[in-house]
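Before we start, here is the structure in question, set down as structure tokens.
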Amino acid sequence: MSEKEVKNLEAIFEARIARDEKIEPKDWMPEKYRQTHIRQISQHAHSEIVGMLPEGNWITRAPSLRRKAALLAKVQDEAGHGLYLYSATETLGISREELFDQLHSGKAKYSSIFNYPSVTWADIGAIGWLVDGAAIINQVALCTTSFGPYARAMVRICKEESFHQRQGYEIMLTLCNGTPEQKAMAQDALNRWWWPSLMMFGPRDADSPHTEQSMKWKLKRKTNDELRQQFVDQTVPQADILGITVPDPDLKFNPETGHYDFGEIDWDEFWQVVKGHGPCNKERMEARVGAWERGSWVREAAMAYAEKQAKKKVAKAS
Amino acid sequence: MSEKEVKNLEAIFEARIARDEKIEPKDWMPEKYRQTHIRQISQHAHSEIVGMLPEGNWITRAPSLRRKAALLAKVQDEAGHGLYLYSATETLGISREELFDQLHSGKAKYSSIFNYPSVTWADIGAIGWLVDGAAIINQVALCTTSFGPYARAMVRICKEESFHQRQGYEIMLTLCNGTPEQKAMAQDALNRWWWPSLMMFGPRDADSPHTEQSMKWKLKRKTNDELRQQFVDQTVPQADILGITVPDPDLKFNPETGHYDFGEIDWDEFWQVVKGHGPCNKERMEARVGAWERGSWVREAAMAYAEKQAKKKVAKAS
Amino acid sequence: MKDQDLYNYILGVADNSLILGQRLGELCGHGPNLETDIALTNIALDLFGQTRSYYQYAAKIAGDGRTEDDIAMLRNERDYKNVLLVEQPNTHFGHVIARQFLFDVYHLQLMNALQHSKDEMLVAIARKGVKEVSYHKRFSGDWLKRLGDGTDESKQNIQEAIDHFWPYTDELFDMTDSDKKIADQGIGVDMTTLKDDYYKQISEVLEEATLTIPDNPYSKRGGKQGIHTEHMGYILTELQYMQRTYPNMTW
Amino acid sequence: MKDQDLYNYILGVADNSLILGQRLGELCGHGPNLETDIALTNIALDLFGQTRSYYQYAAKIAGDGRTEDDIAMLRNERDYKNVLLVEQPNTHFGHVIARQFLFDVYHLQLMNALQHSKDEMLVAIARKGVKEVSYHKRFSGDWLKRLGDGTDESKQNIQEAIDHFWPYTDELFDMTDSDKKIADQGIGVDMTTLKDDYYKQISEVLEEATLTIPDNPYSKRGGKQGIHTEHMGYILTELQYMQRTYPNMTW
């Protein structure tokens, strides 16, 4: 293709996006669009499946059968989300094997929040309330993103995530209406998960160079700082209802802006975790890689069996 | 050596044993004596180290720090007993590697009692009281057995075993003086460990063909049935003091014989466990073989290091 | 309790689902691929759903204020009546599948028969259960075939697993005194009548999976009398942790 | 409590011994040979012995009827103040040795310094501790050298273990508010003054063991604030099982 032809295709492509048309896998797309989407959607998929681990940690110890079943169902939904998102990524011409290789080798990232440990039952509540809450804010915008399979996956995922978020909040509410010990457990979880949740929106806008391009492709609708502010504004009143305190002495409603002002994130911690040195980065990767390696004989068996069956069918047919 | 010479040596050998002289590793001994002793002493050693497993099962869950430390110390003693006994066996010209191979391949036996699971804390008491109690009865006689290294090991082991036995009984006593729940736990443990303990003395005399030869070599001082009777006579009054009931409807003091009559052992169960199909035979062997295999790189490293150090010394000296 | 036998019977059935569900719950996020993770979680969810229905009914029968969670999480080990099979560990995926399949065939027999119980509540649970357990059995049976007729390695692994669990199958058909009484009343199922069919079904699938039917005549039992393997204690430390640590609270 | 800081300080020290002892207790009967089994059990016994002395003293300070076992087994996870290092799992023998060695060097420094405490009870515990911990350090140091300068495989395994645990060492020298107050009173030890010596000692042995000194600048901490890794919860399910399940009984 000549440079001119490519330019032409690019112009058509950009125009389609500007008109809010969906880009579908079979459509022409710029290589950078493809690569950026592979990176972002697979990162999202990886986050779903790594995110199963801190919650999975409490399945055997959930305090009631009802909560145990709900937690199992939630973790299962996350596996399901992982599945749609990997499928959406595969439509861009990359195999699931390759995607897992990228995760396991550390080339691909996943949401840093899952590198924190879930140490009490209240963390299951806090993860639902705060982490899913933050995720939804990021994801709602993506329901109208330009790449069709991603947008459609997001619609379905957002619906389930908001169910999870309510469920998490309800766990917190039950704790806060419970014994003083339970309420202290809820407060403690908020103390530990608050700042990592704020970090989920990424670096400050000034340190986030890719924002402009992503905005154009509708992979981002608002900047990191805008989304973070939205999360704070939404979450602080929820904490008030619970009767527990956000662990930020600088947090204060600003009547002029109509927003909550809040304190400075510990960016050293942010970068330490992003670079792979958070509390559980190593454990999470070992869990994923371990599961994958232990499962290789199973996947090989399934393939061998499928091939044998296919041959039998062919033999019968001929 | 001519047949006559051998006969002569055998006569001298038998005379020494008859005079209660100790046979030492460097002494001449009949091959059958050597093989029988390798089999019996190693079986005893294997029993010590397999016996660590059901008790080790409760170390992390012991109900108090005092009991936890005592249990650890006891299991450590058993490892120590294993060590002396393997050393005693090695004096007969077989390596520890070979002995472990025999255990791991199933060629060598160990006491069947350790193929029962330790399911409650009271089992730790019952094992000390009943299993060590039965073991001591078997072992006391061996303190004067003909093979020197075995006899000396037995003296030391018997002393520690009777400490363990008292400790086990004291656990039972504490439970029986405790809450009804604790006493029920003690009763339940007695119910489960009583019959397997009686089985520890082996088949009925009529089904035990090796007894005569073993008696001659002082590897046995009393028959299986005599020892079993001694155990019952000794243990039933101890159960009475605890206030718990031996699970045998046929158990009754016989004023004519001065012994307790007791019911029939379930010999089907006995043989099932001996043949390797007891509740935990497979688990016990998997634990031992697994530990051995997981440890091979460590043992290899220790040898490689020792060789390097030896070479360094030689290099320095020359 | 008036209906002690019925209570015992229900717990005997329910504890199997609880403990197997707990074992499957350990696997969540650690399976060979996402699809099996999701499927096994689904099975666990079905089992916990059944467990809750049974325990809720049992709690009603007990009528002394006990809740489903009290029954699930506040008994001593000796009072759990599940068979030994379901408490065995997830040693590898072959063990997970073999354990599941050997249980599912039995479980579907039970659900099918329990639909004809004279107890309406049990009929209702069984009706739902039949659908669920049919799916479980299809899943585990399909994987049994894949692993049996897959690679040499997978055949060896799944055969080892089948051989390992074989001695635990006989206990599935043991009847406690309560089981017998409840079966006599037309409420429970007389499992002894289903044993031959069980081994027939199992054998057919094993053959289809090109696996060898074990001929080990020895069996392992004890769970139905509350005498469990050493694995059970560790299952309970986790299962009961929160209820024991924070008693009498609402979650 | 009058001496809350002293109480906190003692628990901070004691919890390390408790949790490391618990980890070593898991290994009993599962080591690479009988000799290491016996040695590691010995270390565990020493640690539990120390733990008991500390908790008995702490119970006396608390003076509210709590016993050593209440303190050991009836706290919530967030109230255990051990460093993260000691709760890490026994992944393989190299991990056991590396964890032990990195702790032992610190532990001996602490015991040595604690002999000069103004608190007689702590002096008594430390005097006994010095002898015990010297042995622990010799054992773990010797094995470090054997594994480091043994085979290629063992070098790789022990290097991986050292690298793995390296980020956990920094926390050993963290001082809580109570730690600082008690150190200022001449009762506790100001660990910050011993940190350079710690890394110097460690480095010397690593060099002798022909191993590479890690240069990972990132550290992991939280245990001293009661924020543990996900391993801790499972340690506690077992440690606390009996006391939680059968409260207020004598054993």
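For reference, chains read A, B, C and D in written order, and residue numbers begin at 1 within each chain.
Here, a residue touches a chain if its C-beta (ideal position, glycine included) is under 8 Å from a C-beta of that chain, and two chains touch if they have at least 3 such contacts.
The structure presented is a predicted model; accordingly, all values stated were derived computationally and were not measured.
Each chain's centre was taken as the mean of its CA atoms, and the one lying most distant from subunit C is D. Inter-chain centre distance (subunit B to subunit D, centres taken as mean C-alpha positions): 35 Å.
Mean C-alpha positions place subunit A and subunit B at a centre distance of 57 Å. Looking at subunit D, one finds that residues 76, 233, 237-238, 241 touch two or more other chains. Counting partners per residue, subunit B has 61, 181 as the residues that reach two or more other chains.
Shown here, the protein chains touch in an arrangement that is not a line, ring, star or fully connected set. Those chain pairs judged to touch are A-C, A-D, B-C, B-D, C-D.
Residues of subunit C that touch subunit A in their complex: 22, 25-26, 28-38, 41-42, 44-45, 48-49, 51-52, 55, 68-69, 72, 92-93, 145-147, 149-151, 153-154, 157, 235, 238-239, 241-243, 246, 249-251.
On the side of subunit D, the complex with subunit C involves touching residues 76, 233-234, 236-238, 240-241, 244-245. Across the complex, subunit C meets subunit B through its residues 76-78, 164, 167, 216, 218, 220, 222, 227-230, 232-233, 237. By the touch criterion stated above, subunit B contacts subunit D in their complex at residues 49, 52-53, 56, 59-69, 72-73, 75-76, 79-80, 82-83, 86, 121, 171, 174-175, 177-179, 181-182, 287, 290-292, 294-305, 308.
Residue ranges of subunit B in contact with subunit C, taken from their complex: 54, 57, 61, 117-120, 181, 188, 192, 272, 275, 277, 279-280, 282-283.
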